[in-house]
Amino acid sequence: GKSQKSTQDSGDTAKVKIAYQYGLAYAPLTIMQEQGLIEKNYDGDIEVEWVSLNSGSAINEGMASGDIDVACMGIAPFISGVTAGIPYKMYGTIAAQPHELLTNDDSIHSLKDITDDKKISVVNVGSIQHILLAMLAKEELGDAHALDNNLVAMSHPDGMTALMSGSVACQLTTAPYIFKAKEQDNIKEAESLDSVWPEGNAFIVGLVSDDLYENQPEIYQAVVDATQEAMDYINNNQEEAANILCQKEDVTAETMLGWMQDPGCVYNMKLPGVMDMANFMAENDFADKAPESFEAITTESAR
Amino acid sequence: MKNLRNQIVFIVAVLVVWQVVYQMGSFPELMFPSLGKIFQSLIKGFSRDGLGAMTLYSLSLIAKGLLIGIVLAFILSGLSIVSKTFYSIYHMVVSLCDLIPGVALLPLAILWMGIGEGTIILIVVHSIIWPMSRSIMDGFRAVPQIYIESGKNMGLGKLGLVTGIYIPASFSYILSGIRTGWARAWRGLISAEMIFGTTSSGAGIGWFIFMKRTNVDIAGVFAALLVIIAIGIVVEYGVFHTIEKMTLKKWGMSR
Amino acid sequence: MKNLRNQIVFIVAVLVVWQVVYQMGSFPELMFPSLGKIFQSLIKGFSRDGLGAMTLYSLSLIAKGLLIGIVLAFILSGLSIVSKTFYSIYHMVVSLCDLIPGVALLPLAILWMGIGEGTIILIVVHSIIWPMSRSIMDGFRAVPQIYIESGKNMGLGKLGLVTGIYIPASFSYILSGIRTGWARAWRGLISAEMIFGTTSSGAGIGWFIFMKRTNVDIAGVFAALLVIIAIGIVVEYGVFHTIEKMTLKKWGMSR
Amino acid sequence: MTQEQKGKTPVLDVQNLTKIYDNGGKGDGNEVLKNVNFTMNEGEFVCILGPSGCGKTTFLRCIGGFETFDGTVKVNGKEVTEPGTDRIMVFQDFNQLLPWKTVEKNVQYPLKIQGLKDKTKLREISDAALEKVDLLSSRTLYPHQLSGGMKQRVAIAKALALKPQIILMDEPFASLDAMTRNHLQEELMKLHQKEKVTVIFITHNIQEAVCLGTRILVMAKQGGIKMDVPNTIPKPVTPASEGYGQMWDMFNKALHQEG
Amino acid sequence: MTQEQKGKTPVLDVQNLTKIYDNGGKGDGNEVLKNVNFTMNEGEFVCILGPSGCGKTTFLRCIGGFETFDGTVKVNGKEVTEPGTDRIMVFQDFNQLLPWKTVEKNVQYPLKIQGLKDKTKLREISDAALEKVDLLSSRTLYPHQLSGGMKQRVAIAKALALKPQIILMDEPFASLDAMTRNHLQEELMKLHQKEKVTVIFITHNIQEAVCLGTRILVMAKQGGIKMDVPNTIPKPVTPASEGYGQMWDMFNKALHQEG
């Protein structure tokens, strides 16, 4: 397919196209880009093309078309994609982020308090936020789909607007929105998600196309090494990293540092939870089937 | 008759080309499904995924949005005939508002209308009222002077001029505007439905497309497009062509 | 002159109302920022966030998209005059394609053009070519018969008729179509840029809006809208009004 | 300006009428009418002759209220600023009928606007008017299905049906054959005499002017009234009437002499 | 395209021309022309008289190639299926000028299409043509700035400038004053005699028909040729010419007699 064009240039310059999304969870990618880590880890000339896309669907489509070689996105669209047969594998997790179920309604203390007329906003049906809610619903109400009729799907900022203006009662969201929302005095956490999705479980994963993985092992290796190096940099130089990252998020460096120091914010290639998520999705109709095994959908660097 | 034949031949040709491209296998099957697969998705959509109900729901929203949009566009464009001051302001408002993407309006819309049907209809109305107003106003300004003079001479007041002269005399523009509006309404609705998915009160065909994309079921996306296209054919050749025949063509104002 | 005064008065009134609503404090400040804050965001956008470069990038994409869209729309609509068979087919294609939302085309667009400028331009072209073709074709069909007969009598061939008669005679429709196309191009571009963010060749104003929304910086969103509106004013009153004055008004074909 | 009949307010009073068409900004405007004065009493039938492009239509349009101008035009003492149903205009243009209405509806429409709602009454009036112009059999046709002369006749029927105080007619019979023309001239004369309608009538046909007019104007190329002559030949005027020949000659000479 | 005359092929040969306008589906079509036969030789000047709505314009439009019809129309032996520059039509409608071109450009445009590119030459021709219709001073105006008669004159100038083989004129002088009319009649006669142009000319003016035509047709209300008479009075014809009176009377009677 297309990848031939993008990865094997006529001359000796290799090419790789990387797609990722926007937000705090993608910090390692920002560092990789800013510091040229792939170029550094590749032995030879390499041209890296960075694109940002705003949805997992577009990334899946780019991967399926063979246009994208490496991508980072949420774990849920990855499970959907890999079970649908998109030829790619996870080369490692990228980040975990804190998730919370927020509410503006004082009468809500657990899922049981959410009556039929109360709406819950999640970023997307089938998104990780939706699955987390379903996990909680299964545990507490016995049915993963018990709250489906309360759901509205809106992007994080829209959901926040809705929550603040009272159009929805709850929102299951992630950093940094949970921090921003909780600055408002009428908004609090409704119920903790720790029982179903403990802090540090995978949220964003890194993917590599089968084509690149099989035919361009040097590039693949450079990507893996660069990701690891970026994570090490973030974990070891939090303040410097915050200085770089804060510009993109348009906040002060202190705020950024605060966000990064939240215990739920972890950058690591081997975070747990991927198969839990996959299996739960398969069992509860969120995906057609479960992947055969963790090994079948990952490369060695992720294991 | 000959037109119909041409059109059918063309559609068949497109389908054949599609299938041939598929058979050649130069595109990944996941992204470029076979006709059979699309057709299966269509059947499954209706029998299992509630595509029928979703389509009806979308149609009901479009009907409301179009109605509101058309009525408002007529009233406001009509006022722009009655008052020159209003014209200069409304013309500017149309030129500017038409540029503003629906998504950028969302935060305000949510604040104002909450979430739900109201906001979706607002987005639909926003997507049609400006281009329709533009068509209508441009049409009004191109009305031959002599009809207006004739109307004034017959004693028509400002409002009478709008309904009695301007609207029929610019009917070709208006119909053009309504057709554009209809297409815009679909597009606006589908993007609004994608932004505001809901599984509760009723979901539309935009949501269906969104879900299918999320699940990387491209055949499902194309199946939904087929439904939209089918509705488009019915409306274009059932409604618009009939209106055209009964008005513009009968009046000798269009060929 | 009087028009200009009215328009300025109106704009000032809108700003005043905005500020008053803000002062009343019935909306959360985060969602409904003050004028001052919006203005600050505007300054910051240009001085720090590269809004200037992004705007230029977006404009360059719009220019390309509009150019391709207009040229294609003219060629295809022109062909529809030359051949009746082509007309019946193209008319159907326009009616149907216009209904298809850009997002639904994305899978095909990505497959065909990959992710990058090409796809964005494709989406922009898709958002303008159909409504423009419709305007042009409707205009062509409303051209008074006598001009066409005159043209044929003077020895114009089919192509000559298109450029020598149909296009000037339906110029009011065409200009209306180009204005609609311009607005659609902005909207199409911004939604495409939101989906595609940055590519190797740059980021546009749509991405700026997306980032600001994601960061819940609503003042930033409004600042970007102000930029779009400012460009809109320049184009509407600088370009379109001038064209109108030099053509339709001079020819007595519009008031 | 010989027409100063004391005691009577004139139906129409034009003072210092000046009309300049601006030339789209470039060059001086085109001064078509310059300081025209003209008064007209009830029941007069004024025919206007003049070379092509001299400003006849413009003059009529100013009186009709279709143009902005300098000076004043008063109808029954009231200043004219816009069109009104007291002055019905039959335009020179063939395309003055509303293309989306049938012939019949075109005739009925102004009556409806005037408040006449009764369908049978409307039909009666329109039938009578169309009968007069010999178009009753075409009453369900749309304007685009009519010949040039037929369009003109419908416009005439429309004006006749309305029975306005003043009829302004801009070459209404130009595209009609001799027989139809004679017939319509008669109809117009009847209306004028029975209903005391005041008529201003532009024509290029000297014979027509002399036969119809109670007073005849000749306009000059520069847009002024060159001659303003009462027609003293008793009605009905035919080419055989006494004085017809001199009158015809006089106007013919006036028209052929430059300026 | 010099047409060698072998024996005498008629320039125009109309056989069994039948034209039915369909009535938008409802009712029978309107049969305007029925089995009309008509031939014309080079250099003839045919004037057509007939009541309003009888089908004169339709007849001309069929010859011009602007309508579909039954029967055959041949020009120089070639069947007419579409308009062509060998037959230039001056339409009855005032709005036949292209509104986006100035008077001058309207006259020059057909010449340009014919391949004449030289600007000074174009200007020369258009100036001469506009001079003939006395509109040289209006050459930079747009059609909407012209009076009705001026528009007609530009259309005539345009046709004259082209010097086609056949000119089809549909009441071209209807809105012109006597003087302009006389002047243009003379110009047309000159063109006809010098360049051997074949002319078909619709008019309602019997005098005009007798003065101009070498042959005069009268059409019947039902759309057929009722009379087809060669005009034997030697040119130039004036009302004082011998035989003029009888001729005038004959046509006047024919027009006034029903059917």
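Letters A, B, C, D and E mark the chains in the order given here, with residues in each chain numbered from 1 onward.
FYI, a contact is a pair of C-beta atoms (placed from the backbone, for glycine too) under 8 Å apart; a residue touches a chain by one contact, two chains touch by 3 or more.
Which protein is which chain? UniProt says B, C = ABC transporter permease subunit; D, E = ABC transporter ATP-binding protein.
Computed from a prediction, not measured in an experiment: that's the story for all the values here.
Any chain bridging subunit A and subunit C, meaning touching each of them, is among B; the list is complete. The chain with its CA mean position farthest from that of subunit E is A. Mean C-alpha position of subunit C lies 48 Å from that of subunit E. Between subunit A and subunit B the centroid-to-centroid distance comes to 36 Å (mean Cα coordinates, whole Å). Subunit A and subunit D have Cα centroids separated by 82 Å. Annotation for subunit C: residues 27-28, 31, 106-107, 110-111, 194, 213, 250, 253 touch two or more other chains. In subunit E, the residues that touch at least two other chains are 93, 95, 145.
Within subunit A, residues 61, 65, 155, 157-158, 161, 165 each touch two or more of the remaining chains. Touching chain pairs in this entry, ordered by label, are A-B, A-C, B-C, B-D, C-E, D-E. Chain contact summary for the complex, subunit B toward subunit A: residues 27-28, 30-31, 106-107, 110-111, 114-116, 195-200, 211, 213-218. The part of subunit C that touches subunit B in the complex is made up of residues 2-3, 6-7, 10, 27-28, 31-32, 84-85, 88-89, 92-93, 95-96, 98-104, 106-108, 110-111, 130-131, 134-135, 138-139, 141-142, 145, 172-173, 175-176, 179-180, 183-184, 186-187, 190-191, 194, 206, 209, 213, 218, 221, 224-225, 228-229, 231-233, 236, 248, 253-255.
Across the interface of their complex, subunit D is touched by residues 21, 23, 30, 49-53, 56-58, 92-95, 138, 145-150, 153, 170-171, 174-181, 204, 206, 252, 255-256 of subunit E.
Contact residues on subunit E toward subunit C in their complex (touch as defined above): 64-66, 82-85, 87-89, 91, 93, 95-96, 98-100, 109-110, 113-114, 142-145. Note for the complex: subunit A touches subunit C at residues 2, 6, 17, 19, 22-23, 49-55, 58, 61-62, 65, 67-68, 155-158, 160-161, 164-165, 177, 180, 184, 249-251.
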